[in-house]
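Both of the next two complexes hold subunit A, though its partner changes from subunit B to subunit C.
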Partner chain A sequence: MGLEQFKNRNVGQQNYVMLDLEHTPETGMGKFRQVVRRTFKAELFVGLWVTMREMINALFKGQMHTVKYPFEKLPISPRYRAIHEMLRLLESGHYRCIGCGLCEKICISNCITMDTRYDENQRKEVSEYTINFGRCIFCGYCAEVCPELAIVHGPRYETASEQRASFSLFEDMLTPIDKLNLQQEYDGFGAVTPNADENIKKTPLAY
Partner chain B sequence: MEVVTYTNVETFVQHLPEVTAAGVWIKAIIILAIISAVAGFGTYLERKVLAFMQRRLGPMHVGPYGLLQIIADGIKLFTKEDIVPQNANRLIFMVAPVITAATAFIALAAVPVFPDFTIPEWIPVLGGTFVPSIAADLNIGILFVLGMMAAGLYGPLLAGMAQANKWGIIGAARTAVQFLSYEVVTGLSILAPIMLVGSLSFVDFNEAQAGGISHWLIWQQPVAFVLFLIAGFAETNRTPFDLLEHEAEVVSGYATEYSGMRWGMFFIGEYANMITISIIAAIVFLGGYSEEGIGWLTIILKVGFFFFLMLWVRAAWPHVRPDQLMWLCWKVLMPIAVINVVITGIVMMV
Partner chain C sequence: MSVHNSINTGKPITVTIDGKVCKSTFGKTILQIARENDIYIPTMCYLSKVQPIGSCRMCVVNVEGVDGMILSCQEKAVDGAVITTNNSALFHERQNIMKLYDVNHPLECGVCDKSGECDLQNKTMEFDVDTQEFTARDQHRPVENWGHVSYDPALCIMCEKCVRVSTEITGDEALKVKFGGYGSTIINVKQEKNYASLGEAAAVCPVGALVSTAFKYTSNAWELTKIPSACPHCGGGCQMYYEVKRDRIYRVTNEFEFSTLCGAGRFGFDYANEGVSKDPAAFNAAVEAFKNADSVVFAPQISNEEAMILQKLKEKYGFKLVSHEARAYQKFMAAYSTVTGKHLYNGDLKTLSDSQAVIVLGIRINNDSPTVKYHINMASKWQRARVIYMHPMEDSEIQNIVTQFIKYEVGSEEGVAALLAHTLLEGNEDVTKTLREYLDDLDIGNLSAECNVGEEELDALKKSLLKKRGFSLVVGSDLYMHPRAEQIAKLVALLETYAGFNVICVPPAGNAMGVSLICDLDDSAEGKTVGYNVKGDFTLSALGDGDLDMPALNQQEGTLTTVDKRVVPMHVALPYGGYVLNDIANALGIHAKYTIDYTPMLPVAKGFKKTVFDALDEYFDATGTEHRGYLLASQKVPVKRTLDEIEEIEAFDGAVVYRCDPVEQFSPFTAKSTLLKDEPVMLGSTQFAAAAKLQDGDTITFEIDGISFERLFKIDTEMKGTIALNPTFDMGLSASLLSSYRFSRLVFRKTNNENIGNNDE
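What follows is the complex of A and B.
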């Protein structure tokens, strides 16, 4: 499907159709004629056909709308800001965070707590890193400020848990080392949804 | 006309084995068991068909394609607490659902369901018993069935008035309105076919249309057929005439305070009535069943079609207001029915 009709913003030149709303009849004869006309116009059968058509579409043309939620999920936008993830370097598998502390500084709800120290090679390592998800407002500043693309927002929006500590330790957010090849790079702010082309018809410009 | 029908009945009765009390008992148990099960299955079908028409899947997770959902619902209905509201009239509140369910099944006694058969000789005790297709082959079958279904309306009426709830009262009032309106149309619309056949027995109706599709009464009485369908929808409390318990307006109408098995009885009664109306329509207008070959399959198909039509209409059409229902019944349908009866009479005389 082309996008021309959606790019046409000249609202006044689109094909609006005036609905043919008849006046309410006032005389008895007029009412009678209206009843007879409506009875034999077979509009009720149009309604029946519409539902039957939808049933045929759903059953035989694969237009079933149902998403069996816990088993199937709709793709979410890469801009979505869910629970954070800490990414690893693809080559070495080491975590990307360099302990610069920018995220801790910028966090507007003061929920990132981190500590660093020198390891045996006199390199800076992260000794402690937690996010208090009771305070986090998922503003995304931490991910935006991070110079190493180390802290990002993941797609995991199902955050029901017995305690919020289940998400908030460094080890919980870090990509598991055996899943390194599955690590998803964060598309970043301003990225479009994978199925953006299908959704574009829902913009109000189409009407 | 009448002489012909009479001989028909005579020959029909002569070649049948004797109907014993045991046979009728067995038939009654079969009807109870199967129609309750089919009514339960009907709820499943309704949910599925409505879902498909809205491009949803419907129940999917209990059993294959959600088939065991009926059992889950049944367990839920049976084990739920039976609550009687504080200010309700206890006795009437508890009896009302039984009226609905009982009359629905009593009506089925005079309707032919499933072919007649003889229990094989090798089965102990009951061996050789003949089980008739109609539990009680009344010669006024149609009158009896319609009367029973009308009596079933006392269920919602009493339930609504006994439960000390304003929505229940409105539901009961609407029951009375609906009852007064459509019952006239039901009777008058089916009067014309009765005049043509000259009998009130379902067996006679079946015999009268025995000669294939061209003999069906629907071709002679299309107006009566449409009127009867409309009245049947009102009789079974289906959309577009589901005034009694329309959720968007009166919460659940007469069933607002009901829960558990008592509510379930209303439900089973409604579905049994749907099946009864479908069977009547199939026998009176669409030729009914025939004894040989796949005859019984055809009536199951016809009944299935009417059942599906009820679900289909529910998915497609909005429901009418009570005043529109009365307007429709008294000012449109009743005059048409009377004219239809008069014209039928004139044609028969000429």
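What follows is the complex of A and C.
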């Protein structure tokens, strides 16, 4: 089994455009002429006009560009690695984590701690799960190793806290059950590749 | 060492495996020779400690001049054979086997307990199984909870290791194969007994099918730190690992390929004295108590080094040192050695398991020493050994291995030993003249009547030993605590000296053997006492209920002396914050930095070596030879073979109780373990109930050696006779104060109140 198929993630399309820029003058005369041309073109007013236009647009046409952080936030790339989220299964609402402990094992800064137990339904239950964000370096290994796409990086990037150790519990990171319909599938680190279907080999069935 | 093992008696042969010339002896399998020479042959069903199972076919090899593939785990190597263990055809064969194992195997490694140490996982990777061509219709196979262990048939690969262990090693014979092609499963035919010994069957399971119920899904194997140690419970000192994470023991595992743990070792691990911090006031009081003590009384659940410290303190302060069980054993062995001329018995467990006849005398073997019982069971299964069990009580738990049960009267052990010596030394020409006269002078008719052992039973015993090779005799604490223990010891020793018996005198409890060798013990305590794990005027206790806390045996380093006459190391599994015995000794002027500084000071005159603790080995090599600690060296003692007249037997009429803990309970420490749940009830037969005028559910109080017991009485329909079993494991700090013969007449008071005896109409 090679790793090539896993490395082909096919993410993003590169559409580069060349900008049409004028040549930089090389002689002293050429530079002088460029200065004179720019000075008398009244470019200052062009700039002032742009400002004026944006002000009018913002104040009277409702096209304000300022992001009122922290009340507003810009959308962030799915590949950004911020505070973790724990996802649920869409069908049953049960948390996806199976308690395999791989994230705990792989974590490079040893900030994941978990405990599991045998529950009444004969399942492995996650009885205790914390991440110490004071130590986390947001490397994304946990999200990448998770076989269930249970632990993922969310878009919340504020990590300031009052203490060096700042623990998040499983419940804090878990999608609230009433917001299950808002849960976004994760495209970032460790997500299935867009062409995953093509790589699947079928297992024969007896029936 | 093993004279009776046919494997070792073979003639030398030379075989070539993968081009390497290997010298070995005839009788060994190709696989064994390969392993001896560090040549890898993959196996799935092979378990070194049982007979080859031959269910997986992974171990196939090619032998030059032989068509087809050969199972190396079963085929004995012949001289000059040229063997290939790996080529593309063999690889393909093995890959196909792994594919077949993987058919419908649940993809649940993510939660499975075995993940990370699973043979199926490992070999699936090793043989590059990345596609599946085989298929079978899957079936619904629910998980079964059997108590201590649970079984998931969907994960089972039907290697049969568990069945073989349950039959050949532990002898509980609970697991069986239910045949049915693809639907074959393992069944537990004795589920209601919930044998803790099935923990060993779970240990050998190569996949996650048979697991410990309490451990299930609590931790991944790779998160646990393995701490090598020895089981301190019964004196077996079996090899074990504590598996620890964040200062908690999650489970106990062992080198299951070569050694075995009983249920107490495996499940009785959470007895640590936790949450202790240093209490200087209590410590000073302890130091004062030692200075003023007239006697120090202690339980045998201590390490050799602690025993050494107590001995040094005795030498300095001159108090009496008392440990009843160890003292009884010490006196017994002293008398024993006057006949054999050596300070220890000659027997060992390996030879026991290779014996063709085993006599068990004066010990309820299944309860007292599981590991010895396992070795008797191995002899029974592998050598078809005759097992003659001599005891006043029948034990239904071992009837599958006992070929002759000889019941004798309570208290008649001396007579029985004399009868045995007389029978087995009859016609023996090595016996000295005086001894011959002594034996001839015995009034056999009278003895046989008094002991209630028929001469025809002895004849049958004698006859059954004809044509057998390798005899073992196992004796136990019924004899050590007997008023005539020393005389019995000499009679038993005759069988070692003259009849070629491999004799094992099973240590009565904990590290009693180590204590008996290291300490200069006294018979009884007087004046002010300091108790260590025993109630005294000042009490040191690892149970957490004394005047000063002490670490339990899984919280300290040290060595134990085992029934195999081996000194084995124990390591710290759990932290301990309080004072240890060595601190007290330091305060009293006996200086050593660590307790283990005493390891090289253990008495050489008693067979100990001057090895420092950190130099003690702890492993089994590829051939299964044990390298744990060292074996005690046999020491010569002066011979003085004088035997006394056999004393009249005191009659034990009416209701009698026998001090005996439930199987896999040994001490207040096992009692503290949450996974070993046994009720401290007195068990008797219906006949006993009638004799004692008791009913099922009665509560009675009575006294033995001044210790008062309150017991709920229950009728056990599997039992017979008028002797009841009285456990002591729940007696905490009083348990080790018992010093008399194990059987006693029951004089009791009924203390039923309305609330208790509500079900007797």
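A few remarks follow.
Basically, the second predicted complex is superposed on the first by the 114 of 207 C-alpha atoms of A that agree within 3 Å, B and C clash if a C-alpha of one lies under 4 Å from a C-alpha of the other, contacts with A are read in each partner's own complex, and residues count from 1 in each chain.
In the analysis below, a contact is a pair of C-beta atoms (placed from the backbone, for glycine too) under 8 Å apart; a residue touches a chain by one contact, two chains touch by 3 or more.
Since we're looking at a predicted model, the values are computed, not measured.
When both complexes are overlaid on chain A, the residue A:Leu44 reaches subunit B alone and has no touch with subunit C.
When both complexes are overlaid on chain A, the residue A:Asp197 reaches neither subunit B nor subunit C.
Once chain A of one complex is fitted onto chain A of the other, the partner contacts of A:Glu128 are absent, as it touches neither subunit B nor subunit C.
When the shared chain is aligned, subunit B comes close enough to touch A:Gln63, but subunit C does not. When the shared chain is aligned, subunit B comes close enough to touch A:Val35, but subunit C does not. In the superposed model, A:Glu185 lies in contact with neither subunit B nor subunit C. When the two complexes are overlaid on their common chain A, residue A:Met52 makes contact with subunit B while staying clear of subunit C. Put simply, more of the residues of subunit A are touched by C, taking subunit B and subunit C as the two choices. Subunit C meets subunit A in the complex at residues 109-111, 115, 128, 130-138, 143, 213, 216-220, 222-223. Within the complex formed with subunit B, the residues of subunit A that make contact are 35, 44, 47-48, 50-52, 54-55, 57-59, 63-66, 68. Those residues of subunit B that touch subunit A in the shared complex are 49, 52-57, 60, 312-313, 315-317, 332. Interface of subunit A with subunit C (complex): residues 1, 98-102, 104-105, 115-118, 122-125, 147-148, 201, 203-207.
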